[in-house]
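Okay, so subunit A shows up in both of these, paired with subunit B first and subunit C after.
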Partner chain A sequence: MHSYGYRANAVLTFSLTLLAVMCAMASLSDNRNSPSPSAHVQLRSLILNVTSFHRLSLYVVSMAMNISADLQSLFTWNTKQVFVFLAAEYRTPKHSLNQISLWDGIIPSKEHAKFWIHTSNKYRFIDQGSNLRGKEFNLTMHWHVMPKTGKMFADKIVMPGYRLPEEYR
Partner chain B sequence: MDWVSDTVKSIQLRQTLTQFVTLGMVLSSALIMWKGLMCVTGSESPVVVVISGSMEPGFRRGDILFLHMSKDPIRAGEIVVFNIDVHERHDIEETYILTKGDNNDVDDRVMYNRGQRWLQQHHIMGRAVGILPYVGWATIIMTEKPIVKYIVIGALGLLVLTIKE
Partner chain C sequence: MDWQGQKLAEQLMQIMLLSFAVIAFASGYVMASFQMMILIYAAGVVLTTLLTVPNWPFFNRHPLTWLDPSEVEKHPKPQPSANVTQKKKPVKK
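Entry: the complex of A and B
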């Protein structure tokens, strides 16, 4: 009971168990946080283009927008970063929900969580082939709170009421 | 005095057998826990190690991810682990999924099968719901330098056979 082997084993087991308990408690402490985020998107321009690819028409949307948000209340001491992205959501006859990520960003700390940016869409807004003319869509800001250790949280704010142009250029 | 040496030999045999049975019990309970975890999470690989740096700085190489899978359709923003070698099955409503790593410049289409532009629900192994940093380095070292794996297994085998308790 007094050899180095036994002592090393006991120390290792105890420290690993303690680490696991600390990680679990760190993760549980995130539940006490009740966040109150806000977001707003203003579309500066919205243009619908049509190109053709192997005799298929592709509808491509280019947009410029102002995105402003205050996500500071999401950060806790156990937060490594917040991944935020803006998605356009709309309905087509073939698919009940289409979600396209237009812009995303990584917020590394609380100081960066209140922002106002002017940007064009980072990723192409293309539909698989259905008609996007005059299509109504929501812009939803999603975020993922990625912890230093433990459970991840995700939530969103839906901003409805946007509409694609009737005519394409 | 033959009965003394016979008794001693049978005790040694029983000890050795007990050790093997104990080893078997440890391995079986590990297997039971793993399979149980597969049932509870609904994923074929409920715990995975992050090997590439494609999700930095959120998930680093060597982090452990806990996965969970449900019949709910995959929605935008979910962090998923996928396997493109899964064969076709019929789903109730087809979902088309395009993935991209946070740290990559382009989407993952280059990794899909030839001519495949979308993932389907059955390619998804699970959604990442939790993270444990750094713990996965042991697995990465054992995979990338197999000599370490052999040393560890050899040492464990020696320990099992030589420790008397």
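Entry: the complex of A and C
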């Protein structure tokens, strides 16, 4: 403690160490939050089309849907934003789990976390061959709670019971 | 700064920073505002720096008692003796 530089260095390093401890505690406090989110998707229209790409036949689904969710309980004081995406999941003979993302969004604050939107699928719902004909699928809403500091939490809600049409247009 | 002052500076710095960290975290948690925690802590760090880094007079209340110059002349520094310049010859095997 005998010089300016020595004392300035001591203040800097000790203050940064304490800042790291505070951020760790803030992240740990997120574990005390027990969220109760809800989500519901209503399909307004579901149309199966066939295209081909380099002699591969591809089935494309275009869908219009109402997505409603209440994700307000996910937010804590240490939450920067919540990334949410809707995925379709189905089973094929070749693979037991196929997942494809249909829509995503970023929720910047708690006020925006309770929403109802009418949208078409943002990303193409597409598969090779005739896998999608009459296929039963789940719509799963996934979310990532991104913190201001510390651990990111991810979870999902599975909504089963959707089915693709047998015939294509 | 004298020795007591240095000890005081170190203790003051540690206690101030620790208290501000505790106060900042508690306020941020209660007010559910991460920004409030950071602002309070930043203010605390600046205050601590202003109080402990510069050489304030209250850090120099127990100054070191240096020997008076007239006293120094009465007691000359001891000179090195002639024996020290002799070197031991290395033993060859």
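Definition applied: the second predicted complex is superposed on the first by the 165 of 169 C-alpha atoms of A that agree within 3 Å, B and C clash if a C-alpha of one lies under 4 Å from a C-alpha of the other, contacts with A are read in each partner's own complex, and residues count from 1 in each chain.
By our rule, contacts are C-beta pairs under 8 Å (C-beta built on N, C-alpha and C of every residue); 3 or more make two chains touch, one makes a residue touch a chain.
Predicted model only: the values in this text are computed from it and were never measured.
Of the two partner chains placed by superposition, only subunit B is touched by A:Ser101; subunit C is not. Using the contact criterion defined above for the overlaid structures, shared-chain residue A:Trp77 touches subunit C, although it does not reach subunit B. In the superposed model, A:Ser15 makes contact with subunit C only, not with subunit B. Residue contacts after overlaying the shared chain place A:Ala87 against subunit B, while subunit C stays out of touching range. Looking at the shared chain after the overlay, A:Lys148 reaches both subunit B and subunit C. After overlaying the two complexes on the shared chain, residue contacts for A:His2 are found with subunit C alone; subunit B is out of touch. Of the two partner chains, subunit C is the only one that A:Ala26 touches; subunit B does not reach it.
By the touch criterion defined above, A:Val158 reaches neither subunit B nor subunit C. Residues 148-149 of subunit A contact both subunit B in one complex and subunit C in the other. Those residues of subunit A that touch subunit C in the complex are listed here as 1-2, 4, 7-8, 10-11, 14-15, 18-19, 21-22, 25-26, 29, 76-78, 148-149. Contacts from subunit B toward subunit A in the complex involve residues 57-59, 73, 75-79, 93, 96, 102, 128-133. Chain contact summary for the complex, subunit C toward subunit A: residues 1, 6-7, 9-10, 13-14, 17-18, 21, 24-25, 28-29, 32-34, 37, 41, 45, 48-49, 52-55.
The part of subunit A that touches subunit B in the complex is made up of residues 23, 27, 80-81, 83, 85, 87, 89, 95-97, 99-101, 104, 106, 108, 128, 142, 144, 146-152, 154, 156.
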